[in-house]
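Both complexes shown next keep chain A, but they swap its partner, so chain B is in the first and chain C is in the second.
On to the complex of A and B.
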């Protein structure tokens, strides 16, 4: 490609490299994201024209429209955008850190820990009725996100402790994560096989990841976490770039390796856990989004900001599809995979054809 | 003499690196035979080893003979076959993708098989294991061919795009599977028992059904293994040393497809074996693929048989499915292994 990937920007004594193509892709993605959000807010049982949605968001609109848009539809859309952005960011961080496109937070076992926690609550509480479960009442309502979050956090802690051995070796970390994840998945399967079919069915719905009926109480933790961890991630981008060259080279360039690795992991794990707690495991997003963003922007590692935007686009798009287009309800996790996977496949096919031509 | 003295100081510098030997290979075969005998003897009704060997070769119609022949021989044979297939497939997969995280499931084999089985249950009402096996095999084949086509350039399969294509196709198929399963709980009820992976309840006919695929897969594996060492140096170097990279890779990936597809068809998706066993084999026999692949096969067989035995014993008289035990025990064991040793880089 003859297009410049980056241009230097000079301001007096300061100068930094602006990745032009990544910036353009991110801007285009942001435009698409706003369009999707507006359409997502406009469709439903009571359709509102997109122009009215925009004016309502800016403070206009009549009372009914404001109620529908701001109270009923906005929370779910915001959750979709926030979760998509969080997962895209988390995936970009871990894939860069481990220098392996497969190293999404899902593979590190964090998602599996969350799934185990949540499925345990569903199965033990007997959410489908009959009482008799160990976990009942108030605890059960509050329990699902909480169990998922604590499952993810405990897994991450275990992961860190188990892979720490005179420093943190990324390959060991990933392999330990796979081991933990496999054991936790087996635990989940065990619960599913030995539960009543009603519980297994409701666990299955949660396991596919669903945006349905998500409100501010689900969105607020994700937004707060993003607000804290996004600046941290941006601070770490410099170190990440150096770490791409290998651990020794990064140390040589003055990166405090252990600290940077810990920071990246904390950011990735935090973002993944709150997302999973909010909507269930949208397994595919954290893996596919950074790879798609990388192929759109070019460059040597998944771009951080473009991944966030792409994540938002994917999840809001999935929400829109489930609510407006599909004739029957499907969990959003299924739809994100059904859109994201073919798109990645198409990008791969195109790249391969170009290479051979 | 001088060469052995010269070689001496090099050994402690890389303590994890071992080289393969025929002796260890022989020991592994012996261990596998012993595990097979144990697998015939142990279960909810334990039999003395002497009795097992007695009735093994002449079926005298006694209760012990019936147990051994009708129940335990099929599952033992299947466990060994599946373990060998997955072990070899795992070693080939990690070698050809040059990715230590790659497992045979990444070719879309397991997701394809699961999807086909769910469609068979949901729309065709098929509910027997032999029927599942045909559909699983077909689904695994279609998925793997798709992954192979997407992940290849004209110069042959490209490691990174192969892995990404596999993950993408798997996710797509998994989405279809889940879409059916969340909408129909009867299908979920049948599917949830198939998907954990189990060697029990199968008759020998399932084994005969998948055997041709396994044999062809092993043949392809044997043909592609010698070139794997050179391929680790990169395609260009391998080509300059007289190898035809795309042919080697096509053979190797075809072997993985056949082996993993047949294994999944026989016992359902038994995860983790193909991923872990090559790491164990590398620790035991070094990084030379000519040793690594047979080591991985035997270790895989051993691991699956052992897991199957454990699953029978822990919750007697019920049993745990081999896939669940594999990951429940294997996961933490793998973590310990990773912690204790310096992992060998590919």
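On to the complex of A and C.
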């Protein structure tokens, strides 16, 4: 097989090594993403031809088209792209850190922590519930994303502390995370069982992860977080590459191990919690996307940029599927889970076969 | 072999170190002589690897200090240490599908910045490391497709690419068959003779230690029993005392170096003494 290698990119004293296959996959993915975005913007109650969508995006189009594309549809699509990219990046970071494909924020309980926080707010604020309108109006609007964010952050902190044993033990991290996730899911179920049926219904909608009706107010925190944490993540990639060789080897290569581990976790948890706060738990995106990207790019760890692109493609694709293809409306989170769960099983079966082979 | 006049670049001074409980190494002082190959030997669990990891700043002594170029190594930055001292850990791991060229490229980590990740200098040093270790032809192969010996040569190439004067190797021959052990140790010798690298390593096999070392350091129960040239160190008495082993020490007719030949059948003949000394060794080294 002809191996596609990395090519040096040098500008004066600056130099990088560009992995060619990953770069090609990312570019192709960007093209596909753009196409999906255009189609996503074109479908709806007032269909607009894709060509008109593209010209509207580039500044053309008539006033009506501008309003529908830029004001009504673009925010939701941008949220889909941003959340997909953030979750893809978060998953790539944690899976690389733990050297384990299971170590994604949704498997490690971080997403479950966010869900628990959000459901607590919904149930407690339910006007007719026994929470008796404890949290209402403006506070609820602000409180839901905030509760989701805090739930994720607290879970991550707990995960970090419980996984510590003379340093961060990655195997422990995965096991503790799965345990935390189970406990939090049980907590969420408890809240739902004890809530009024109306509150339970609205909590359930949030829990399935929906892009429906998402606007700039949902997209802005995700985009801002990406703007801060993407550069941090790119700086950490070099350390991650060394950390893949084991703790001793990484430190021997001059990596400040604990600082790098903390940086990676902060970035991943930050990205996950703002995403979940924006659209609810989109199941399995952070878990599946980096592994798919890894198989497409053929490297030795989940690729950072290609995972972001693939995340955008999956979430926009799920949005498009729920809005335009399926005969009935379905939350995007159900679509991503329907793709993710069989993939998880396939991955486990395959790993099992390789071990017994 | 006399000790060099100037103080060695790397050394331990009254180092005590452990993993939280009882110290594994106690009040140990050792100079790693510049420009030579030093090998640490000793029974299992006697603190060889702990000492090597402490010398590489992977473990922090509870008392005493490791000295690197006259400074306490704890006060030198991680990055600076990694530019002067390379370590090949005992069982390094590599992700599936990692190419040899990428592994060796990682050795350049201490010399790179986010804006300078593949300078012509990086490329040159990596190529030299690949060629010296005979892994140039393997550079586009995945590490997990290689034989044990090839894989270990690639790891040595990575430490070589780190371009440090000091190289520490923690049991570089573990899990290799004899031919591959010799292959790796021949490479270590060339590193030392051709490139002037100071090498400190931990080895299990006493005959290989005798064959490939300028200085042998014998450890037992967290302390140094003796050190010197292989000929000075390996005696029937020492082997019995440290390893609980009844063995003859012969001269290799080709090199004049000592060869350790265990006396077979001793366990049956004088079971009591061997068992006794073995259990002493186990008690003193059990960690």
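Quick note on the criterion: the second predicted complex is superposed on the first by the 314 of 357 C-alpha atoms of A that agree within 3 Å, B and C clash if a C-alpha of one lies under 4 Å from a C-alpha of the other, contacts with A are read in each partner's own complex, and residues count from 1 in each chain.
As a working rule, a contact is a pair of C-beta atoms (placed from the backbone, for glycine too) under 8 Å apart; a residue touches a chain by one contact, two chains touch by 3 or more.
Computed from a predicted model, the values in this text were never measured in an experiment.
Partner contacting the larger number of chain A residues, of chain B and chain C: B.
Once the two complexes are laid over each other on the shared chain, residue contacts for A:116 go to neither chain B nor chain C. Once chain A of one complex is fitted onto chain A of the other, the partner contacts of A:344 are limited to chain B, with no touch recorded for chain C. When the two structures are aligned on the shared chain, A:244 is found in touch with chain C, with no touch to chain B. Of the two partner chains, chain B is the only one touched by A:102; chain C is not. Shared-chain residue A:149: touches no atom of chain B or chain C. Of the two partner chains, chain C is the only one that A:298 touches; chain B does not reach it.
Legend: residue contacts after superposition of the two complexes on their common chain; A:288 is shown touching chain B, with no touch to chain C.
Of the two partner chains placed by superposition, only chain B is touched by A:334; chain C is not.
The contact surfaces that chain B and chain C form on chain A in the two complexes do not overlap at any residue. Contacts from chain A toward chain C in the complex involve residues 3, 5, 8-10, 13-17, 99, 166, 234-235, 238, 241-242, 244-246, 248-249, 251-256, 298-301. Of all the residues in chain A, the ones that touch chain B in their complex are 100-103, 107, 162-163, 165, 169, 171-172, 174-176, 178-187, 189-190, 192-193, 197-198, 200-201, 204-205, 207-208, 283-284, 287-288, 291, 328, 330-331, 333-335, 337-338, 340-342, 344-345, 348-349, 351-352, 355-356.
Interface of chain C with chain A (complex): residues 19-20, 53, 56-58, 78-79, 81-83, 86-99, 101-103, 105-107, 109-110, 112, 114-120, 122-123, 140, 162. Of all residues in chain B, those touching chain A in their complex are 99-102, 106, 150-155, 158, 160-161, 163-165, 167-169, 171-172, 174-176, 178-179, 181-183, 185, 188-189, 192-193, 195-196, 271-272, 275-276, 279, 320-321, 323-328, 330-335, 338-339, 343, 345.
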